[in-house]
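Should a chain be cited, it is by its letter among A, B, C, D and E, assigned in written order, with residues numbered from 1 in that chain.
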Amino acid sequence: MLSVSGLRKVYQPHVEALRDLTFTVERGELVCLVGPSGCGKTTLLRCIAGLLEPTGGKVSLDGREVSGPPPGLAMVFQEYGRSLFPWMTVRDNVELPLKQKRLPRTRRSALVEESLTAVGLAGSESAYPWQLSGGMQQRVAIARAVAYEPSTLLMDEPFAAVDAQTRADLEDLVRSLWQRLGVTVLFITHDIDEAVYLGQRVLMLSSSPTVVQDEITVDLPAERDQLHTRADPRFTELRTHVYEQIQAAKLSTRTG
Amino acid sequence: MLSVSGLRKVYQPHVEALRDLTFTVERGELVCLVGPSGCGKTTLLRCIAGLLEPTGGKVSLDGREVSGPPPGLAMVFQEYGRSLFPWMTVRDNVELPLKQKRLPRTRRSALVEESLTAVGLAGSESAYPWQLSGGMQQRVAIARAVAYEPSTLLMDEPFAAVDAQTRADLEDLVRSLWQRLGVTVLFITHDIDEAVYLGQRVLMLSSSPTVVQDEITVDLPAERDQLHTRADPRFTELRTHVYEQIQAAKLSTRTG
Amino acid sequence: SSGGETESDGIDKVKVGVIPIIDVAPIYLGQQKGFFSNRKIEVSMEAGQGGAAIVPGVVSGQFQFGFSNMTSLLIAQTKNVPIKTVAAGVASTGEQGKDFGGVVVKADSPIKTAADLAGKKVAVNTLKNIGDTTVRESVRKAGGDPKGIQFVEMPFPNMPAGLQEGQVDAAWAVEPQLTQIKAAGGRLVASNFVDAAPGLTVAAYFTSTKLAGENADLVKRFTEAINESLAYADSHPDEVRAIIGSYTKIDEKTRADVTLPKWPTEINQASVETLAKLGTGDGIFDGATPDVAKLMP
Amino acid sequence: MRGLLGLAGLLVIVEALPRSGLVDDGYLPPTSRIVAALGDEVVTAEFWQAVADTLTAWVIGLAVAVAAGVVVGVAIGAVPVLRAATSSTIEFLRPIPSVALIPLAVLLYGTDLGSTLLLVVYAAFWQVLVQVLYGVADVDPIADETARSFRFGAWARIRHVLWPTALPYVFTGVRLAASVALVLAVTAELVIGAPGLGKMIAVAQTSGAVPDMYALIAVTGLLGVAINLAARAFERRTLAWHQSVRGEVPA
Amino acid sequence: MRKVAYVLGLPVVLFAAWYLISAGSESFYAPPLRDILASFGRTWTLDRLQADVLPSLLRLTAGFLLAAVIGVALGVAIGLGPRLRATVEPVLEFFRAIPPPVLVPVIMLFAGIGNGMKIIVIVFGCVWPVLLNTVEGVRAVDSVQLDTARAYGINGFDRIRRVVLPSASPQIAAGLRQALSIAIILMVISEMFAASNGLGFTIVQFQRSFAIPEMWSGIILLGLLGFGLSLLFRLAEGRALRWYHGLRAASKGR
């Protein structure tokens, strides 16, 4: 279980990115996080991953307080381009964390191939990241996280650079991975439909100084597919709710 | 008038990014470009901006063949993070191209302030780009292009990193700018709704090796707004058409 | 390793720190003639650029013997550097206008005699050393005032050009540059070694006091060998001119033209005393007075 | 190819300067005479022995300096406490000229290879070290965070993130160190008299054999050119991914 | 406090070790540190500093600045033009490999024996790290940044000033840092020839006159000088590259 309590982060000298965040994510849960641009979502994810020291409050994973990156965690960075190593081919980029995990060679190649195929990049294994388009780079970063078979998966706007069709495919990939491996997923997105389609719950953050503005439980059936789920009237209801909340968050800060 | 004829681009050693592209964009037109990830949209935009030499075919702007960046052109790069200069504050980043244009100081400050306010970044003028969130960085890049008052505006997935509400605002910003200044706009997006909402025409590219798969004229009224336009049945029709075309594009390459 | 390496057959391997100039021709000649091997010494020459490398080498025992000019040795003595001379090195010819070192000017220079050097820029290879003290003496003897001379440090090989380009008004040069300058039209205005003292001992071979104490026999044999070499060289100028070609790159014509120094087998102690007095007067010993006797073998 | 053009230009200038009388040919002989002197040199075994001696000192000195510079640099760069604790000492030692250490070197090693090596290593080490320190500081925080988030150990982070980032800096450091090592090898030979090219130069200099001196100097220069060619070729292979190399492939 | 401890910690330990180890030294060339320190005060009096250190510092400053300007200017030109680089690199490498002590006499032919010669020697020696680092820094400018500049018509000198130079500045700083200590070294070397004052001259003079403790005290002074200058340099670099250090530290938990 991931629990965030009273989390506060102030960047030097005085940018208060997060004011007071408290929420929990159950083991094996898939939670989506939405919020206005610049509200501190990335900051939050970095704190959870143990990459950034909070100014106040604490993050704990399975009861242990997070002070460095916890084992079994994978993260897809918003700056996907910079998170790929330009000196390695696509294959090596995906394989490197597996090597660190000391997986045997055959297992590694199987995982690499599988995950690259899943994101539609079979055939680009030996290209360098900078030879790829933006969307392709982002998919390499996703493949790297997927191949790692993490127990906690943090994704920061992972589909921002891919086209609609690919995006739908990747959404289904994340859901199937989640169901298959029981991984805890925290997923940041700007696409409200995506948040509702993917998540079991959607957390909405206010704009800065940031708190949890609202949260909804997505009571759609566990089996989802692009056509029917999105056509479900409950889906539309939920997404409208989220939309309104975000609107409200924005307005509240705009007026005061 | 922007005309692209028989454009071909092969990256070394043998990645054929563009096979044969031909289309024209009238002066003052707003055209959206959609296509699967990695199909060559960015490559196309770079060729049009004169940043990349085509392998074959040619691009001409107002009758003159493009060999280097033509004057009066502004571009929002897909790699927004890397296109901002980290050694300059937000203000200086936006102001620099205006200095090159030799605008007087007062005019420059007015434009900078105006454009930063328009993208919702008033107050972050003296931050450095790397102190901003991803979405904020992207908006700085947009503000820079907007402040430039270009006659041709090329935008490569400019709203990928911002939240839904901000995105809607920015869409309206682009449309109002376009109407006010009569600028020619070529706009790449992955969001089909966005393409239909924004454009006068939507060009659909096939997947690699890339050609123009289809194009539609968006016969929605010139006055658009987020609520009514998107509710328009014709809007739904058009977006469905685009969606199907892209689907077809993908399928055609998948099967052969 | 105070005594060099002694091979099983009793041959001592000896390294001598020298400067590859004409002055050390005798030791090369002696090596060739077998004067060293006769005495069970196998010499090898280590050619350094100057005292900076040779004196520390000898003091530390890396070299067994070294070659240095007299003034430097006197300076070393005032600082109690543990060294001692073992043999004469090279001496002035004592003939005005026909020495192996002298002060030269350009052909059209207004400087006619040493007295005219007063107030002029004069190149020497190292400041506060044998060059400037002896030149001052020349000026004094010619009736000039040496105080105003502006000495400038310049490596010997640069002096021909420095003089030519007017960077200095005069230069204290030694062979082979002296011949080179004269060939280019330069004019000799003083023979400073001759002016300084009759039969001036310019340089000497030395060793560390440690080696002198611990291996007096080796030192004795070395001194004998070097003395034989000096005597031989002094009486066989043609062989000297030939051997110079083996360890320098002085061309044949210059080799034939240069004025060779004298190679007496004794250090002229009186001349060294004079040198010490001159140096003291010029303040190159930092107020100390060298004890010549302590330096002598 | 173009490089030959540049060198040819230099040769022409050196030929023309003395011939035109701008400088006295006694002090700067024209190319043709230098080449002739060089021709006389290269047929002697002594010359090749000297080149071999110089190169030996160079190779060993450079290898030691680079290895030490890289190891120390990475260690200091990766551990902030070490960096803070050593920086004043480094800045203190760095500007001490090798030439001032000559008595010390002679004291310890005489005219042996050790003397030359001491000076070579001392001078070249700093070149590598400083470059490595700056290279290590250049790591992209996102790349480093990526590695940390996947729980790469210290060694893996050094090897997979820090090292590739620092590599272009290291290359510059090695190229700087390579010529500094050559310069000091020759200088040490020149001043101390250890066998090698420097000693030959010293002899030529004191003998007033000007064309010979220039010929030998040219040989050191050419060695430098050769070393750089090798470094560049190596760089093209190992840094193919880097902006500086990939940017120059004609698009 | 901590900072001071870091700065002084290791040097104090090393000096203490030197002091103890050398205390009973009999070696003429490696005298006890006690003697060296004693001679330090005696040697480096105010007069000496003014007569010898000041002129050295002036030559050093002039040489370093000149090298910085030449190195950066030439480096930018070479870094931006692959063809120019291919043409001149061998020539530069040729000169780079020539030892300054060999070169000094040659430079004296052209530049005489005054301060000009010494400054040229300093420039000649310390221009290389600046040049090489500038070339590499310029070659490594991010392609997207360059494209951005081109797209907005930022050309010619403005592109160099506003994009290329700032982007390469961290690497240029590395080169300048190297150059600074090399400049000190070359200051000493240049003063070994045809000088009549200066720190290098004095040290060499001590060496020649067997004033060994004094010579060591001069070497210590050189070290102190280097340390002081590098402190200044770091201050300047910290200001000029504030963006870079911020960027590099951006997410290191600050």
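Just so we're on the same page, a residue touches a chain if its C-beta (ideal position, glycine included) is under 8 Å from a C-beta of that chain, and two chains touch if they have at least 3 such contacts.
All values derive from a computational prediction rather than experimental measurement.
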| item | value |
| --- | --- |
| Joint neighbours of chain D and chain B, given as chain labels | A, E |
| Separation of chain C from chain B in steps, with touching chains one step apart | 2 |
| Longest centre-to-centre distance from chain B, chain (CA-based) | C |
| Farthest chain (mean CA position) relative to chain A | C |
| Selected interface, B-E versus C-D, where C-beta contact pairs are more numerous | C-D |
| Geometric centre distance via CA averages, chain E-chain A, whole Å | 49 |
| Geometric centre distance via CA averages, chain E-chain D, whole Å | 16 |
| Chain C and chain E: spacing of chain centres that average the CA atoms, whole Å | 37 |
| Chain C residues counted as touching two or more neighbouring chains | 52, 56, 59-60, 155, 157, 161 |
| Shared interface positions of chain E, touching two or more other chains | 27, 29, 105, 109, 142, 207, 212, 247, 250-251 |
| Residues of chain A engaged with two or more neighbouring chains | 11, 46, 51, 79, 82 |
| Touch list for chain A against partner chain B, complex | 11, 15, 34-38, 40-42, 78-79, 81-82, 120, 131-136, 139, 157, 160-167, 190-192, 243, 246-247, 250 |
| Chain B-touching residues of chain E, taken from the complex the two chains share | 142, 144-145, 147-148, 150-155, 158, 162-163, 166-167, 169, 243-244, 246-247, 250 |
| Touch list for chain B against partner chain E, complex | 46, 49-51, 68-69, 71, 73-75, 77, 79, 82-88, 96-97, 100-101, 128, 130-131, 144, 148 |
| Contact set on chain D toward chain A in their complex | 140, 142-143, 145-146, 148-153, 156, 160-161, 164, 167, 241-242, 246 |
| Chain C to chain E touching residues, read off their complex | 51-52, 55-56, 59-60, 72, 75-76, 79, 81-82, 126-129, 151-155, 157-158, 161-162, 165, 167-168, 284, 286 |
